[in-house]
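Taking it in order: structure first as C-alpha cells, then the write-up.
As written, the chain order gives the labels A, B, C and D, with residue 1 at the start of each chain.
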Amino acid sequence: MTQVEAAAYTGDEMMAVAAARRLRNGMVCFVGIGLPSQAANLARATHAPNCVLVYESGTIGAKPTHLPLSIGDGELAETADAVVSVPEIFGYWLQGGWIDIGFLSAAQIDRHGNLNSTVIGSYESPRVRLPGAGGAPEIAAGCRETFVMLRHESRAFVEKLDFLTTPGKGVTCVVTDLGVLEPADRGELMLTELHPGVTADEARGATGWDLRVSDDPRQGKPPNRDELAALRALKPPNGDTVAR
Amino acid sequence: MTQVEAAAYTGDEMMAVAAARRLRNGMVCFVGIGLPSQAANLARATHAPNCVLVYESGTIGAKPTHLPLSIGDGELAETADAVVSVPEIFGYWLQGGWIDIGFLSAAQIDRHGNLNSTVIGSYESPRVRLPGAGGAPEIAAGCRETFVMLRHESRAFVEKLDFLTTPGKGVTCVVTDLGVLEPADRGELMLTELHPGVTADEARGATGWDLRVSDDPRQGKPPNRDELAALRALKPPNGDTVAR
Amino acid sequence: MAEIVSVAEAVEELVRDGDAVALEGFTHLIPYAAGHELIRQGRRDLTLVRMTPDIVYDQLIGMGCARKLVFSWGGNPGVGSLHRLRDAVEHGWPEPLKLEEHSHAGMAAAYAAGAAKLPFGVVRGYEGNDLAARTRVARIRCPFTGEQLAAVPAIRPEVGLVHAQQADREGNVLLWGIPGVQKEVVLASRRSIVTVEEVVSRLEPRPNAVFLPSWTVTAVAVAPRGAHPSYAHGYYGRDNGFYERWDEISRDRERFRNWMARHVLEREPLPV
Amino acid sequence: MAEIVSVAEAVEELVRDGDAVALEGFTHLIPYAAGHELIRQGRRDLTLVRMTPDIVYDQLIGMGCARKLVFSWGGNPGVGSLHRLRDAVEHGWPEPLKLEEHSHAGMAAAYAAGAAKLPFGVVRGYEGNDLAARTRVARIRCPFTGEQLAAVPAIRPEVGLVHAQQADREGNVLLWGIPGVQKEVVLASRRSIVTVEEVVSRLEPRPNAVFLPSWTVTAVAVAPRGAHPSYAHGYYGRDNGFYERWDEISRDRERFRNWMARHVLEREPLPV
C-alpha cells in the first residue's frame, strides 16, 4: 500500500496508527476516549476487525462507526453485544481478568511508566487540578498489558511525578508522537522505535529524564493511505444535538 | 361472606388463609415454595392485590396465576416486573432491606422461633439429612418480619433443636394448622390465636415444650367461600410438561 | 411507594442543606433538571457525590452549593477541564471545596456496598500509588489466603437523584441504555428522587433495562429533556456541542454567573 | 474463543477426575446433558459445586462420581428429598460424600467473588446459628465501622458448566429468563462448557438476557432439550411430572441404577 508523506498526516494520527498496528485481531481492549478510542477503532476498521472494544461505561463489544466524544455515548450502547452496570464492568470484567490491553493517557509519566493524572503541583494546593484517577489504576492492574498514549514533551515525560496516580508495572508500550518506548531492564522505559523523520536526539530532547535509546531503534512506517482514510472516516460527530 | 364448615377445608388451607390474612396490600414478601407461596398468592387474589412477591430466583413482582412447583418456574419470570441475578436478589434486595415479610418453614422449631432445616440427629451422622439452609438464615435476618408456617406436631415443635439453622430473632408469627403463635416476653412464643374448633389443650399436646397460651386466645375465623375458591383456583399445574 | 410530584416539590421536600447527595448517571441520563433545581432553591453545604462530576457539578460548585466533592474523575469528557471545579480547588472560589477522591473501581464498589447495606466494598486496588494516602480507604486481609486488598467505605447518600426514561402511574421506574450506577445509588440512598422523561401507562420489558419498583423510590417527577445536555437513550442524543461550548462559558467567573442567572435561575431556554 | 464441539468432546477434553465442577442454573437451564455426559464418561472424585443440587446431582452422586458436595439447599424442589444425596450422607452409599454447606446468600456471594477474582465475598450472615462452625466461613471486621461480618471463600471451579438457549457461530452465548448465577460461574471458572439449545446466525437483544462473549467460554456444545427435566425459557417448560416421579425412581438403589443404566448410559428416551 502506498505510504503517505510526512506533511500529509499529523502527529496524533501517527500515534493512532502506531498504536492500532500493535493490536491483533480478536484482542479485547479496554478503551478510553480520545486517542485510545481512535487507535482501537482504527484497528477494527483495518487489520483487526474482530478487536473487541470494552468501554468503562459498561459497553462490551461496542462497534461505533464514529468516534464517541464521551465514553458513554448512545452509539456505544446501541452497537454493543452487551451493556452492563459500572460495578459489573470493573468487578467481573476488568478485575475479572478478561481484558488483554488497557489504554491509558496521563499528564505526566516517569521513566518507569508510572502515571500522574491527579495534580500538577502539590496535592493540597495544586497549580493545576487534573481530572483524577478515573479507571486508570485498576485498568493498569487488571489488564494483561497497558498501552500508554501521550504526546512527547518534557513537561509530560518527567524525572519525578507530582503525584503517582497509576503504577506503571503493567505498561508494555508507550506510543508518543515521536516514537515508541518499551520497558527494558528493571522496567525502565527505552526508546525502541522512531516515527518517520524523527531522530533519537529529538526524542531525548523532549524527555525530562536521561532517555535510554535501544542500539538500533526500529524505523516506524508512516500511515498508509488506507489507514489514514479509515482514521479520518472515524471523525467524531459534530457538536450538534443528534436526535435519536 | 358466608363461612365454611370445618369439614369443608383442610388444615393446610386454614394455614394458608390465616397467613394470607396477615398480609396487607402493598407489602413486599420474600416467598418460598409450598405453603408460603400459597398464602402470598392468596392474599394477592383476595384483599391484597398489590402485595409484591419476590422469589429467591430473582423474580421481583411475580404475578403467577398458578402456584409454581419450584421457585424458579418460567411463569415467575414471565409475569415479573424485573428478573435479576441470584447474587443481586440476595445482596441488593434482601440484605438491602427492601423486604417487609419473609416466609419460612422448617423441620423443627423451638420456643424462641429458632429453626432447623439441616439435619435430624447429629450433623456428622444424621438420621435424616434435610435440604439445608437455603436462603433461610438471611431471609430471617434481612426482612422486617418473618412469618413461619409449620404443621403443629410435637416432633416439629421441640424442646431442643438438633441443629440451629436459622435464628428466630425476627420471627413475628408462627402460623400452624392449629393456631397462631407470637413472641411474648423475652421472645418466647405464645399461642395467641386458635383456629376454629381447636382447643388450647390440643395445641399444648402437639407442642414439645410447655407451651404458653395467652389469657384469652383469639378465635380465628374459618376460611370464607371467596378465600377457599381463590385458594383452590391457585392449584399447582399438573405434572405434565407444559410447552412454552 | 413513590409519590409523583414536581421537581421543585421533590427537591424542596427531600433535600436539606448539608446533605450528602448523589446525582448519578454515567455519561447517560445525568439528572440536570434536578441539579438545576438544587441551584434555584439555593441549597448550601452539600456533599456532592458522583463518579464523574460532569457539567452539572461544575454548575453546583460554581454557584456555591457544595462544601465537599466525592468523585473519581472530574473532567469535561472529551473536552478538557471543569473550570468551576478547578477554580474551587485551585483558588477557593466561590468557596473552598473539600475533596474525597477514588478510582472508578473503588467508587463503583462503594456504591454496590451501599446498595447491599454492607459497610464496605472490596477491590484489588489503591496499591503502589499516592491515592491511598489521600482518601478514605483501608487495607483488609483475606482470612483465607492472606492477600491484602483495599476496603472502601460504602456510599449511602442522604438523597440519590437519577433521571430515567419512564415511570408508570404507580411510580415504578424504567430506564435503559447504559445503566451506570443508577440502580445502586437509588438502592443505597436513604431518600431518592427519580426524574423521568414521561409517565406512561405501562412499562414494557426491554433489553438492558433497569426496573426500580415504586417502593424503592421516594419521589418521581416528570422532567422532559431533564438530562440535557446529557442524553436519554431513545429520546434525545447527547448535546456534544454544548459540552464543547461549556468550556468557554465556564472559563470566566462572570460569564459563568451570567449564563447561570439567565439559563438556570431564570430558565431562559438555550438556543437550539 | 469458544470452540463449538460435541458435548462428549467438551467433557472428554475439559473435565478431569478430581476436578471441582459447578453445573449451575437456578431451577432454570440446569445442564442435564452435560451432567449425563459426566456420568457416561465415568468421572470420579469430583467436587460437585451447586447452590441447589437438584436431580442432576442426585444422579451424579448415586452413580459414584462425587467425593464432595458444596451446596446451599439440597432437595427436590416442591417434592421433597433427594434420596441419592441422602443415602450418600446417611449411609455412605455408593460412597461417603463430604459436605461443605452454605446459605444461598453466602454461596451467591462466593460465586460473585470468584467472578470478580477476589479471594472472598462478604455477607451479613452466618451468625447465631450452627452453620458457621460446620463450613468454611470466617469473621471479618469492617475497618471503618468495626462491624463483624462473614467472609466466604470465593468459588473458582476448575470447570463451570451451564446450559443456554443460543450461541452464534463464533461461540458467543445468549441466555434469558431467570439468570441465576450462570454469568458468575462461567466468569469464575478456569474452564467452561456451555451447552445450548441451538446455534443461530444472529443473537438478538432481549429483556433479561445474559450475553457471554465467546472469549469467556472454553467450549460450546449443541444439546437440544439439554436442560430437561429443568426448562429452557422460550423453548420448553419445566417437566414438573418428572420431578415428582423422580421421588419414586430414586428411593430404591436398584431401581435408580436400572433407570440410570437405561436412560442415561444407554440413552433410551423417556416416554413422553
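As a working rule, contacts are C-beta pairs under 8 Å (C-beta built on N, C-alpha and C of every residue); 3 or more make two chains touch, one makes a residue touch a chain.
What you are looking at is a predicted structure, and each value in this text was computed from that prediction instead of being measured.
Novice: Which one of the chains is farthest from chain B, going by Cα centres?
Specialist: Farthest chain from chain B, going by C-alpha centroids: A.
Novice: Report which of B-C and B-D is connected by more C-beta pairs in contact.
Specialist: B-D
Novice: Report the inter-chain centroid distance for chain B and chain C in whole angstrom, where each centroid is the mean of the CA atoms.
Specialist: Those two chain centres are 41 Å apart.
Novice: Quick check: how many Å separate the C-alpha centres of chain A and chain C?
Specialist: Centre-to-centre distance between chain A and chain C: 28 Å.
Novice: Quick check: how many Å separate the C-alpha centres of chain A and chain B?
Specialist: Once rounded, the distance between the two centres reads 57 Å.
Novice: Quick check on chain B: which residues sit in contact with 2+ other chains?
Specialist: 82, 91, 95
Novice: Can you list the chain D residues in contact with two or more other chains?
Specialist: 112, 117-118, 123-124, 183-184, 208
Novice: What are all the touching pairs of chains?
Specialist: Touch list across chains, by label: A-C, A-D, B-C, B-D, C-D.
Novice: Of all residues in chain D, which touch chain C in the complex?
Specialist: 117-120, 122-124, 136, 138-140, 142-145, 147, 149, 151, 153, 205-209
Novice: For chain A, which residues count as touching chain D in their complex?
Specialist: Of all residues in chain A, those touching chain D are 26, 28, 52, 60-61, 81-82, 91-92, 95-98.
Novice: In the complex of these two chains, what residues of chain B are touching chain D?
Specialist: Result: residues 33-34, 56-59, 68-74, 76-77, 82-87, 90-91, 94-95, 118, 123, 125-138, 141-142, 163-167, 169, 236-244 of chain B touch chain D.
Novice: Mind listing the chain D positions that touch chain A in their complex?
Specialist: So the residues of chain D touching chain A come out as 1, 112, 115-118, 172, 183-184, 187, 203, 211, 213, 215-216.
Novice: If we count contacts the way the header does, which residues on chain D are in touch with chain B in the complex?
Specialist: Touching chain B from chain D are residues 26-28, 51-52, 71-75, 77-79, 81-82, 85-86, 89-90, 101-105, 108-109, 111-112, 123-131, 134, 177-181, 183-184, 208, 231, 233-245, 272.
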